[in-house]
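Below is a structure I'd like to ask you about.
Chain IDs A, B, C and D follow the sequence of writing; residue 1 opens each chain.
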Amino acid sequence: MPGVRGFFHPKTATGVSSLVPPPPWHYSGDLITVEYRTDPARVAELLPEPLGLADEDPGAVALIWADWQSCSSSKQELLDPVLSQYKEAFAVVRCSYQGKTYSRCVYIWVDKDFAIARGLHQGYPKKLGSIHMTRPHPYGPAPRIEGGAMFGASLAAADRRLAETVVTLREPAPANGFVNGNPMAHHRWLPSIEKGKGLALDELVETGAAAFEAGQAWAADAELTLFEAPTEELARLEVHEVIGAYYRQVGVTWDGGTLLESGTSQAE
Amino acid sequence: MPGVRGFFHPKTATGVSSLVPPPPWHYSGDLITVEYRTDPARVAELLPEPLGLADEDPGAVALIWADWQSCSSSKQELLDPVLSQYKEAFAVVRCSYQGKTYSRCVYIWVDKDFAIARGLHQGYPKKLGSIHMTRPHPYGPAPRIEGGAMFGASLAAADRRLAETVVTLREPAPANGFVNGNPMAHHRWLPSIEKGKGLALDELVETGAAAFEAGQAWAADAELTLFEAPTEELARLEVHEVIGAYYRQVGVTWDGGTLLESGTSQAE
Amino acid sequence: MPGVRGFFHPKTATGVSSLVPPPPWHYSGDLITVEYRTDPARVAELLPEPLGLADEDPGAVALIWADWQSCSSSKQELLDPVLSQYKEAFAVVRCSYQGKTYSRCVYIWVDKDFAIARGLHQGYPKKLGSIHMTRPHPYGPAPRIEGGAMFGASLAAADRRLAETVVTLREPAPANGFVNGNPMAHHRWLPSIEKGKGLALDELVETGAAAFEAGQAWAADAELTLFEAPTEELARLEVHEVIGAYYRQVGVTWDGGTLLESGTSQAE
Amino acid sequence: MPGVRGFFHPKTATGVSSLVPPPPWHYSGDLITVEYRTDPARVAELLPEPLGLADEDPGAVALIWADWQSCSSSKQELLDPVLSQYKEAFAVVRCSYQGKTYSRCVYIWVDKDFAIARGLHQGYPKKLGSIHMTRPHPYGPAPRIEGGAMFGASLAAADRRLAETVVTLREPAPANGFVNGNPMAHHRWLPSIEKGKGLALDELVETGAAAFEAGQAWAADAELTLFEAPTEELARLEVHEVIGAYYRQVGVTWDGGTLLESGTSQAE
């Protein structure tokens, strides 16, 4: 009897049911980034050992909205776009590990199941949310990508709004921020099926883009509001000072990561 | 005591609750159009008197997918895009009225309530649906708008897929089809609140764009499939022959229509 | 050429595409009602002439959550429940017309298109929303319908929470409130397709249940919170004092209404 | 520096962001079960070694729809029901492991993220879907739980209908089927973050209810239809013969499972 096939569940004889295909995964998307400073203690409390605060600007946070089309190397998902399109909003901080600075996604919401599955693989702590972003357009009232153009974005989960922003493009910029610019240091955790036995999976992994292309980044002014919710803590990362905001269109490929260490986190 | 205000319900003291603002309404969007011929009798059966079949190519149908951002003249909806963005798929035929050729939307599905409200005003027979379209993008795996680019689109309602297409761009074209190119002849119907008393509202109206700008239209090859569903009749407009397919980005303004006649339709 | 058929749009040769079947419409559902007093001026501003404030307790408001299964007389929608089930939350006040007291729904949110269509016919000013209600259940942790049982309910629209309540059943009660207990006085309004020409449909109608059966009503204690939102005014009906709360299971039939007057409202 | 807390991601200083609370998890729900026989080879191809076909009736499949309210021991999720309610549809087969018969869920779709998270822990291969089930009700047109009562159910994913059934209750029955009546033998799989390195998590676990109460089961006649879809293989479990159908209301507690073995599956 042969085994079952598929990169992800459900595994079957053919593998075609798998919620996601094997990497590489390819993405086209638009990013709205708002970077700000919060109390570094609020960042530190999200970093389990052996991670520590970044040396410089340790309270920096990036809140990023992304509107994606993603696919396998066959690109076939793009032609049935319910299987390809999703939106997400996520909060990124930086941390230090063995003397090196990493980025780390601490909260993330997406609107499709295949995006949740990829996050489980990559260590993104995904929940479902409702995410909206103004899209640029060459005709009619929607903004072009140019100085003075305004874009809005919102995030909700469990029928509560969690965040909203309006950014106004100002001028071209060399990059769309710095907080999400390092390799990612993520945990992949799953509890033991047996109660009281800790974690069955406890990995610290490094992950990042295998390929990247992008258009001109634009610097922007931003208004950003975070909202309290009973089961969310995004608003604990209080906005003390906006550092900057950015708009950028990108193409990305993801193709696996590296295991940094296993079984050592101080997580429950 | 003053009256209540608002272009649409719910009307209040301020008018800010209205599901839609007063026209003009402005739109930026992308259109995938597939035009085909069906049995003209299937078109005729959807045309109540005094409408008749168009003289030329009376069995022509356009099935159109659109990905919109819409707003009032203030443009404020664009900055809270959950209030601005929607997608739709709709079937358009042509008809004849008093010697003139009109376009007429016979089926349409949208994914937001404000789009339903505008349809009630304009005579579009809207239901809710789930609509997806591949979007062009300058980076990564998603298509550019160029020869050979492939775009997919799908429509579902009540948890059943109703239509899907894949179009492959071939060459620039002078327009994105002809079936949806005439002024619209639509009915606005509402039954009497009292049983057996016919229609309380029964208007034949003419409507169309007040302003229009657009990018280069592209002709495309298309595969189109329609699916049966217990409460839908789109598939009765059987695809006998694909005439052509098109991709185009547009900006549109709508600002009211004209009453053609009232109280004369042969509708129940 | 025969006319087209169907109680509602889209009208076709067969009538099967109609978004709703002709009445009578039958409903099974659970209701959570919270009645409270607000400033009567906030009620008055929602009542266009010839409606006026009710003589007694003019600031009384009922905020009602309902979890419905609805169908035509054939009951066939019940067997494909995506076509039958919906939830709604709505605010009801009372008003006076020609010396008689009426109930009037001033705001309402539903989660299906067929419910929007019925609301257009009945004069309910429906928008789409996301509505949730605890359901009673005979086993496991969910509440039975009995003293001390707790039920929660929430309403969101456009990705913002608008209202939430928790009610705790106290004792059997003779009815589930009084604010929604009168015939409804509703307007059916649609603007003219031509700008500046006022209303094309402007009717004051009376409507109510044609048949009604119900289980034991339960009185409850309630906590009720309303939230501000940019395009909603429910929170203007501020909660000054909770009158009472109720839980009840009902069966209802709706079968048409009566036209009270036409073309007289002081609405834009 | 303390570690981060939370049963599931995202782990934080407080643990309140966790997508699910720690077990025990409590459920109230209604189940529609349709059991049928398919080709045993289609079951066998879904069973990786060391699992084998069950000795008796190896081609038996249960397709189950469930309408749940779930919560932690605090029951607080029940009072904000967007955090408590979900629906699911799932296919269960039986298998043999070390001479013992187990049940095994081979496909499952749910409509909330917290249900996906619990499935990851329990080894249910969950995707998102749209699930509907007729609910019993004591008043109006919806069915009571009694002989002759009819209930419908449907499942869709990625905007395609995958399954639908109508069951007609016939008589009380001792149980709601046998296919889902054994302890579950599930795999918990996650690929290594490094390409080509196989599985990082590969566990065969046993899981089942820690507590169970239920109402009278009802036997039913059923019509069941499965539909093809490009990324789903439920329809490969072809319906050769309906064994029986059932309706039952249940209360369940889940409180952890047992690790059977690790690192041995013949899965990619």
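The working rule: a contact is a pair of C-beta atoms (placed from the backbone, for glycine too) under 8 Å apart; a residue touches a chain by one contact, two chains touch by 3 or more.
None of these values were measured; they are calculated from a predicted model.
K.L.:
Rounded to a multiple of 5, how large is the rotation, in degrees, that superposes the C-alpha trace of chain C on chain D?
P.N.:
For the C-alpha superposition of chain C onto chain D, the angle is 180 degrees.
K.L.:
Same or different for chain B and chain C, when you check if over half of the residue numbers at their contact belong to both copies?
P.N.:
At the contact between chain B and chain C, which are copies of one sequence, the residues are largely the same (over half shared).
K.L.:
Between B-D and A-B, name the chain pair that shares the greater number of C-beta pairs in contact.
P.N.:
Per the contact counts, A-B leads.
K.L.:
Hey, how far is the Cα centre of chain A from the one of chain B, in Å?
P.N.:
35
K.L.:
With centres defined as the mean C-alpha position, give me the chain B-chain C separation in Å.
P.N.:
Each chain's C-alpha centroid was found; their separation is 30 Å.
K.L.:
Quick check: how many Å separate the C-alpha centres of chain B and chain D?
P.N.:
40
K.L.:
Could you pull out the residues of chain A that touch at least 2 other chains?
P.N.:
80, 82, 130, 132, 154, 159
K.L.:
Which bits of chain C are touching chain B when the two form their complex?
P.N.:
Those residues of chain C that touch chain B are 1-17, 19, 23, 44-49, 52, 80, 82-83, 106-108, 112-113, 116, 120-123, 125-128, 158-159, 187-195, 200-201, 203, 205, 207, 230-233, 236, 255-259, 265-268.
K.L.:
Could you list, by residue number, the parts of chain A that touch chain B in their complex?
P.N.:
Chain A reaches chain B through residues 26-30, 69-71, 75, 78-82, 84-85, 130, 132-135, 137-143, 150-154, 164, 166, 213-215, 249-253.
K.L.:
Report the residues of chain D in contact with chain B in the complex, numbered from low to high.
P.N.:
For this pair, the touching residues of chain D are 130, 132, 154, 156, 159-161.
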